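What follows is chain A paired twice: with chain B in the first complex and chain C in the second.
Right, the complex of A and B next:
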């Protein structure tokens, strides 16, 4: 196979059309998310970009399969099968250049869409841990195109491409439907379209990516074999790489956590202030929001200085960080940060959020009334800065506040320490 | 009678019609027992698209040049052919699916236009491309009514009383049928 044959096939096969379809669909998808204010689905984290693009494979896989199947019928469509059959050249010398052209274009087009989405990613956490997720997505699309070539060779009907497209779409819809009722586990994790959304702090376990890579490599080889063997009855041999890939994929994926997702330790690492004031730390993924937290967090620490065991550090923690929380630290839940937008409050209101529950994270059975009242108690006024409460909850909370303020100072402190101790001791630590 | 039989045979109808109805029933069956009404709408739209994708192979003859030499007024014939295909596929889908009839018939109108347009642009063998290419992304996106461009892009799965979706289906249906009727297949 010479470079010249490849160039000819690039121009004369379905390679360019499938690339155009992949790119236009991928870019339209980003554009629609932009229109409907859903940019938070990929812009805050590189791994989210790679994960979101994998979801689009539910449409791109059928497209690549159909394009491959259409390509496989080319000789028959132009009435050339017999003429080509009389030439003394092996089958693969005709089918491989076209297969490589289609595969290269499908894989590259997927990566072009990644690049288009990457333009909008804005995060302080720069890393390359997300690239395997994107590369496996591209590999899966190559596998789809080659599988289509193989199926099209074995079933050279004019109806094969549309039937293949609709049937594969319905198959890929199954894990998506299932994921609405329970998290996907086991062999379901091998589907190309990831149905478990990633957030800023989670990433796909390497074992899942590895298992998918094994499966898609096997499927790609199977498709290529079915397209390139000399006689159609030899195509049974294609079952070998496909089966091998599936078995290897299942073995590798079984090493992953049950849901296939894991905390990205580097994204959750701490970035702290370096000046002389009290230390304030945020997660690395929120490093660009450290400055806006530092002032309010230090103000909160000042308010807490009246306590017998006054904390000296504010740490942003992932929501389910295992306890117990040391009494000399304030833990601030990362749920107070909206991806792509920043903290959910600023200034005094942010200080009050830090003070909620006496500087603890929501954990166990959360009672937001007592968390709000302890923040107000530390702040010294009710209502404390922040969004106002309306309705019966507002009235009841105010009544509770009046009652607490009538208690003797020692009892007030005892009530406060009771609430704080409950959250400090909370074990937390559910798996993400 | 004989010209009709010959015409249907030249359009692969004896093979494609059972195949198309089989495709409709098979696709609808995949959501049998699913309680989610939106899931029924998704499979009904897919079923209509699949049925018309199969019947779309007959939206032109094997040899368009030869067809052109015949003393036949093709435009009305092409329009009736595509219209009957839409009615058949839409009617069968309404019967086997629990999705609202209005949604199914709207899908039949829009998708037959897309199939006819694709047949006129790329040839009868690629008539399936446009209906399938619009159906797959169109049904998988959540049916948001705002902004307008999303409502139009997801017209197949919009609620029955959605005006943008109906307009989209009518424009696609009438436009596609008209282009196909006038131009035929290349």
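Right, the complex of A and C next:
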């Protein structure tokens, strides 16, 4: 392929317009969230950045498809079909510069948006496990542009680009809507756009990314082949790799968990204090919040020292970590951390949160009243530091507190140990 | 500018005529627009004259390998295009300006001509020089950086001629090339045609009979799909008498020959 012609096509084809659309839409998507203080959706984790960007493909994928189809009609639109048809260069060779220009611009533009989002990512968890999610997103746009080129060649009508855009938008919207009623599974996992943003600890299963890569590689090849075949009547046959890609994608994705999502074990690994004090551990993704937890967590341990089985360590745990929880450990649910902001309380209020349920995390049928009262009991005062409770619940809880305090000390301890034991056992796992 | 010489350029020609048609028939849609045309064209500038619907554009499109002959024989630069020839090598040696000349609006003039040179597989090292030369020959070098959409009708026509010339064709086909050119540009264009005609076979379809008189060595007059006259412009002049329609001797000759043919066809 001629580098000079590629350069001309980069400037004169739909490559630049589609790149501008992708970049402006993608960057706007990230920074509108910045304006509305929702940066927690992408800034705390690299995989969240990559996942949130994939959501934008619901619009950008149809746009790239239409841009490809529009490009495919250029000769016809310009009245160049006859003249170009009398030149010696074979069709496949003729089609490459524009195809590469559009493909390169669509793919690179997507990665430019990733980079624009990346500058604002702030996380203690540096890793590269998210890059396949971003790269497959870029590949999907290359596939869309080339598929558009191929379909545009097959159906060189002025209506092809808008019809493709609308049809593909509906096709991509379907799983998004479906996901509101039941989790997406199987072939639906292969759609380029994610139906919801990822959270800090969740990542796309590698099998899903792999299946998507296979599908988009097939679509891209099919589109390129359909755009490049000598005779238009062979273009339909050239779309065969799309079918192969779909089959390969479905096979690969079947190895993934049903939801296509999985816990990122490295993000959920523990980072612990290294000084001589009692050990406090947080998830690696919250490593920069360890210092602010350490003091309140140790204060909580001091309050629990009166117990017959006093815990000696505080661990932050993922919300659905299965039990049983050892009695010499305090488990602190990661739901107490707001992505991008930190712990939902500080100082004494944070200590009280650690003490909730007697240093356990919510599990099974959660009774927040008894969890709050056990915390206050350990703290030694009601109301304990934290957001005040009003209304009926506040009154009833106060009445319950006063009833407990009238009990003999042994009965109080028995009541406390009963609540604690229930949450320590927690057979199934936590409640998200 | 010095340029590399392709061995193909030095090879002796194997054919007597650049265009050799024997009773060739070419369809335009359902109509047989060229119907039993005999024609032999060698090096030089050949003017293709005839009323609307005579089959000039269909003939040129067949010569440009857009249309395949439906019958008869047609050899272009020694290649029989009636069978299943390898058109690729032949097309490298043809230059073509269609009657409806389309162009990419967003390309600059230079990019457009460069793109056409690339499509015609002009040797990569020769492309910049060939493009510059073609633009200079049509007087567009000073507009080379402007986009095609900004050109006037006459400039577009010249850009069309430049792209037809850029591969230094042995067979140059120009369908109505002087439409939109102002008088001075037409004078320049005639000189350009004469220059190219020294080396190549140039076929120019036109309604402007004065262009033919001024620039062509040979004239082909078409009517109802056939060549009804072939000769030098002077022969065309000689065919007319003062009583024939027309303001110039060559116009009178044109009218006389057409009238003769119409009468012959009626009889």
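Heads up, the rule we're going with is that the second predicted complex is superposed on the first by the 425 of 432 C-alpha atoms of A that agree within 3 Å, B and C clash if a C-alpha of one lies under 4 Å from a C-alpha of the other, contacts with A are read in each partner's own complex, and residues count from 1 in each chain.
The definition used in the following text is that a residue touches a chain if its C-beta (ideal position, glycine included) is under 8 Å from a C-beta of that chain, and two chains touch if they have at least 3 such contacts.
The model shown is predicted, which means the values in this text are computed figures rather than measured ones.
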Chain A as common anchor, with chain B and chain C clashing or fitting: fit
Which superposed partner A:322 touches (first chain B, second chain C, both, neither): neither
Chain B versus chain C as contact partner of A:25, first or second or both or neither: first
Touching partner for A:94 - first (chain B), second (chain C), both, neither: second
First, second, both or neither for A:74, with chain B first and chain C second: second
Which superposed partner A:84 touches (first chain B, second chain C, both, neither): second
Where chain B and chain C come nearest after superposition, their Cα distance in Å: 10
Residues on chain C engaged by chain A in the complex (per definition of touch): 61, 64-66, 87-92, 94, 96, 98, 100-107, 111, 114-116, 118-121, 124, 127, 163
Of chain A, residues touching chain B in the complex: 21, 25, 29, 32, 35-36, 58-59, 62-63, 66, 70, 77, 158-159, 161-163, 165-166, 169-170, 173, 176-177
Of chain A, residues touching chain C in the complex: 2, 4-5, 8, 12, 74-75, 78-90, 94
Complex contact set, residues of chain B against chain A: 16, 19, 23, 27, 30, 34, 39, 42-43, 46, 49-50, 53-54, 57, 125-126, 128, 132-133, 136-137, 140-141, 144, 146-147, 149-150, 153
